[in-house]
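Below you will find the structure I want to go over with you.
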Amino acid sequence: MKALALAIVALVGGLLISATVDFPDWGDPASPASLHVSPHYVEKTMEETSVPNIVTAVLADYRGFDTMFETTVVFTAGVACFLLLRRREPRPGPSRVYRHRATGVIVEMSQPPDTEPAPEVFKRIDDDWTPHDLIVMNVCRLLIPFIQLFGLYVIAHGHHSPGGGFQGGVILGASVILLALSWDLRTATTRMKETATGLMSATGVFIYAGVGALALAMGGNFLDYAALSPILMVDPVAARSLGIFFVEVGVGLAVMATMVLIYRNLASEGHLDQGL
Amino acid sequence: MSEQYPALVVIGPLLCALLVSVAGWLRPRLCLPLAIVGLGIAAAASTGLLAQVLATGPVSYRLGGWAPPWGIVYYVDNLSAVVAALVSWVALFNLAASYRTAMTDYPEKIGPFYTLYVLAVTGMLGMVVTGDAFNLYVLLEITSLTGYALIGLAGGRAPLASLNYLFLGTIGASFYLLGVGYLYIVTGSLNMADLAKLLTPLYGSLALLAAFAITLVGLWMKMAFFPLHAWLPNAYGFAPAPAASLLAPLMTKVMVYVMIRVMISVFTVEFILQEVALSQFVVWLAVAAMVAGALMALGQRDLKRMLAYIVVAEVGYMVGGAWLGNKMAMTGAILHIINDAVMTFCVFLAAGCIYQKTRGTAFEDLQGLFKKMPWTMTALAAGALAMIGVPPFCGFFSKWYLIRGGLEAGHWGFVGALLFSSLVNVVLFFRIFEIAFFEPMSHGHGGHGGHGEQAKAIALTEAPLSMLLPLLAAALGLVALGLATGPLVEKIILPIIPAGLG
Amino acid sequence: MEEYIPLFLTKYNYWVYITLMMIGLWAMIAKNNLVKKIVGMNIFQTAIILFYVSIGAKYGATIPILQHGSGHGHEAAVHAADYINPLPHVLMLTAIVVSVATLGVALALVIKIHQRHRTLEEDEILEQLRES
Amino acid sequence: MHSITPLLAVLVSLAAVPFIILCRKRPNARESVTFIAAGIKLLLVASLLPLVMAGKEVGITLATVLPGAPLALKVDAFGLLFALVSSSLWIVTSAYSIGYMRGLDEHSQTRYFCFFAVALSATIGVAFSANLFTMYLFYEMLSLATYPLVTHHQDPEARSSGRKYLFYIMGTSIALALPAMIIAYQQAGTLAFSPAGFLAGKVSPVMAGVLLFMFIFGFAKAGIMPVHSWLPAAMVAPTPVSALLHAVAVVKVGAFSILRIITGVFGVDLLKGLDLGMAVAWVAAFTIIVASLIALSQDGLKRRLAFSTIGQLSYIVLGLALLSPKGMTGGTLHIAMHAFGKITLFMCAGAIFVATGKKNISDMTGIGKRMPWTMAAFLVGSLSVIGLPPTGGFISKWYLALGCLQAGSVALLVVLLVSSLLNAAYFLPIVYRAYFKPPVEAAWAEGRNEGPAAAWVPPLVTAACSLVLFFYPQPFLRLAQMAVASLFGG
């Protein structure tokens, strides 16, 4: 196998390297890629969409259709993980572990109880016991709102600075995952219910595609935000800028929810009760 | 409305997939109707699109209102319109046929299952109508991801098969992406029509050759072209029946479509015939694919796996036809995309019906089926005859054109391999029919099994009507397609064959 | 040899990406552990991302975010040469997302495989399949 | 002339299939459907007779599937002769099937009658095909429809015979006939049969020779050696199948295909110019002699008949390959004459099996006491196949002999005479044993008991036909002469 791998790698690598002879040098401002399509983006973006961040404008408007499917890819991955892993039946395994809140004593029940003990007295903890670390838990609890605020900022400010729906969405998703890491998966799940996560994931993509479909309904082409100017009551260029904002919100929502969905299913092998 | 058909073909199913997902969380009973609505919109729009394209010529659609090459355009000509119509109708029929299996096998996951199902179709349709090389990559990944999940859903060996598919599929898609990157670096464009224009002065450059080679190898991986086929038999053999009968007929065919699209619309046939000059080599690979696929199919003892190997051989037909370098063979290859999709659908759906009743498709499970499931077996026989190439079933006519192309090119190896694989198909299918016809559950009184075997024999009846009707429709479609070959070739295929082909 | 040195120096971005890519490919083919294969796959995809992003580079240009006020009306016109090519960045945002999504699905499949076989070593899994 | 009648004639038995299935619970209703369909079919075919006799060609184009090779039907004298023979014999065989299948209490009779009807459609389709593509289509349809009939018993023997049957019939048609057809199309751009042959002037001599033999061995139903051995294997089928299909429909479809190849694809002039006719004639002559010799050594009655059929089919091919007007008339006429004779023999074999369960000739000593009428029919059938007056077989043999002389080949005439002697040698002893030797089973001496009437009356009817055809060989002789005249007249 190793010899075969080496042969394939040498062959493919050789082919790829030999082709680089005809490529432009690194950073060459006169390369075809820098001269053909992209100058239009750089020079006309402001005029056509009034978005200073060219990457955002190209991403969500000129090539907005790609981006819609990119969001769909994320959504697909979330649904795929759910479909492959999620299991309704409880995890097999004999014991459950609880911590007595008042004393900190750990109790292991050899049989899963018929009724859960009162949560304010006994707190369920993961099988692979993690220490009750006050500092980590509280620092994270304090940090998470700020992380989320920052995530919202990144989504909203994508027009003017590096950022946008994907980046902001990932930050928001990470905040929920941080909660699951520092506390436990059950806490994170009660804060953000499974159904709500699933719905948000679909809704996010739906906002994107819906904005596009709305443009279509208004008589423009699909995703032609300029067609939305009558409803938004702004001129077509500003409508493009606003349209970009709407779809970025949708992207953010979808990405956040899907990250959480994937994490939960992977971490708990689909049982959603405990995990990393 | 008609000017929005190209968008509707993709948007309809996409929006419905999202609604299916929402319904999956809130009202699972609505999933199936929504999925049907989504694919119905796609089928209606693609049919309308086909009519429109035939009436007025190629249609292009600017997404977001941006002109190419700055924005993404959909470019729909005869070829894409007919393949889109094919994909959407086959997917719709399969949805109708497989809902029972899905309901009984995955009752709790109906929502995600249908979401991914509709998304897979969305991706395929998008790949077919798009005129942008990078957009194609994104849609390819959607189809692939849904495919991995749908295949891995089954228990047993399916997840491992799916993971292998994922590895090879990812390498394939990445190669395609890299090829697009190479094209971008030498031209600066991503639009197919624009690329074709910009590439002409670059013929002969090493970078272009490398771009072509990488793109092609990537696509071959995704379509399971010999010798890059290793993932396919396991993936389709172990996949759940509804997924197998969706992906096996459509996925490889759409990838062949993409290859032909890239060959004629991006690189142009002049480049391929004169600059690449690999035709002989590729056609011999195709010959190897046909022969190897046929021989490996002979070694199988399971209906679905056998069919999967036949798919490998069929890919050889199409790639070989596309590369023979003349009009006849290209016509045959394109015609075979259509015909093969329907006949593969027919046989995989028949296998699905058998699985629904016997819970297995190993050869022992097929005993006595002519008695127990006469209609299913009739449809399977129709599919088999189409694959063997018996007129008036459609498989005969694409073989006709392929053989003529092979003769015109003087490529006797290709002609011989085609006939050989037809003959092996006779053996393959009649071996199954013999089991189903001559072995009427005979070993029930042979000692093992006893009453259980007897009970099974009695319980076995024809597949439910919801599966049977689409299956019979597909079987009839095989004849209808065969008889419609004349207009199909005359009106749809010939106009898009590039003049550069001899 | 002489003529290859400038070739290497002016095009080193391609060499880097190809090296990375081949490392990934090697891991995917030669490694026995499924998770290592997935790691290889990720390296492979990242190499392509690196390649694309390096296409966008331009000497003497800055990130593609316009200064406040530029581009409006008659003020100083925007010159393409001043900003790096935004398109590869946009494309790679998509590719990154795709690779994350693929990673997620791959890991989900690996978990299912582990649930069945209790191992992630490919040879051991194949051994189990042969026995059954 | 455009007419829908040929299409109806093809479809009527196909249309009967759903009704046969619907009536599967009531055998009498089911069999009446068969009879009605057979009757309508014969009427439709017969209604074409005046038109064709008047020298008109009736046809219909159904769909232009391939340019130059549409799905089209056309009735000419050749086709009508063949269609007339098979559709009239279908009625007789249907009656016989009822006697045989019910007499033996066979299983799956509905399936049997369905596929029988499909096979008849395909046969008429071959007869009325206007081009090679349409003929190939119906040829394959017939191959597939007869598979379940051949393997009707569903036992291991049927399984292995079915395999052999498919291997020879499907294998040759896909591996030889199909590529030959595509090459011919590539060369000529059309596949429509024409009296001068559509390949005339379009192919090189070498290619013509190769294509001709690809076709002749590709249509293996004609049983030219070495692609003959499916026919003895197919004798595992129920006897009515052997009677109609393996004495009339299937094998004659093979011979008829070769007729079309010689007359419609290559044309007399092309073959004459390249001297290919004689080559085919000698292949056929070889088959005649060898098959007759093998038949001598067979003890199974049906197997003996099968080898006899192989020999007789080659008479047809031989006659056509002579490329002389008389010879071709004889060959064409032999399609009809041999059909009436051989079907009689097969039905007698079946009647004996139904009444006594005997399959081997050595067990039939003295059976003339028990089944005098059956054996009388057998005698007439034998005479016809041997080619002795007063039976129809004599007329076709006569023309064949004249054809040999016309073609100037005395050697082939000798072959014909020798093979007639051989025919007599393997048929007449059966009759002699039956009537003039003491019965092997005591019960047979007690008197006449011929089993169900539906099993022994039909052979008598066909035997009578054979006799009538000697005195009044119309319309077959007229049709054959007209058909051949159309080849040489222009």
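To keep things simple, chains are lettered A, B, C and D as they appear, and every chain counts its residues starting from 1.
Everything below uses one rule, namely that a contact is a pair of C-beta atoms (placed from the backbone, for glycine too) under 8 Å apart; a residue touches a chain by one contact, two chains touch by 3 or more.
For clarity, every value in this text was computed on a predicted model and none was experimentally measured.
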{"item": "Touching both chain C and chain D (chains)", "value": "B"}
{"item": "Between the pairs B-D and A-B, the one where more C-beta pairs touch", "value": "A-B"}
{"item": "Cα-centroid distance, chain A relative to chain D, in whole angstrom", "value": "75"}
{"item": "Whole-Å separation of chain centres (CA-atom averages), chain B against chain D", "value": "43"}
{"item": "Centroid distance [mean C-alpha coordinates] between chain B and chain A, Å", "value": "32"}
{"item": "Distance from the mean Cα position of chain C to that of chain B, given in whole angstrom", "value": "29"}
{"item": "Per-residue multi-chain contacts in chain A, two or more chains", "value": "16, 20-21, 23, 31, 33-34, 37-38, 41, 63, 66, 70, 73, 76-77, 80, 84"}
{"item": "Residues of chain B engaged with two or more neighbouring chains", "value": "134, 138, 141, 145, 148-149, 152, 159, 178, 184-185, 190"}
{"item": "Full enumeration of touching chain pairs", "value": "A-B, A-C, B-C, B-D"}
{"item": "Chain B contact footprint on chain D (complex, rising order)", "value": "63-67, 70-71, 133, 136-137, 140-141, 144, 148, 151, 154-156, 158-159, 162-163, 166, 170-171, 174-175, 178-179, 182-183, 185-186"}
{"item": "In the complex with chain B, residue positions of chain C that touch it", "value": "25, 28, 34, 37, 41, 44-45, 48, 51-52, 55, 87-88, 91, 94-95, 98, 101-102, 105-106, 108-110, 112-113, 116, 125, 129"}
{"item": "Contact set on chain A toward chain B in their complex", "value": "15-16, 18-24, 31-38, 40-41, 61-66, 69-70, 72-73, 75-77, 79-80, 82-84, 86, 88, 195, 198-199, 201-203, 205-206, 209-210, 212-213, 216, 220-227"}
{"item": "Contact footprint of chain D on chain B as seen in their complex", "value": "385, 388-392, 397, 400, 403-404, 407-408, 415, 419, 422-423, 426, 430, 434, 437-438, 440, 482-486, 490"}
{"item": "Residues on chain B engaged by chain C in the complex (per definition of touch)", "value": "134, 137-138, 141, 145, 148-149, 152, 155-157, 159-160, 162-163, 166-167, 170-171, 174, 177-178, 181, 184-185, 190"}
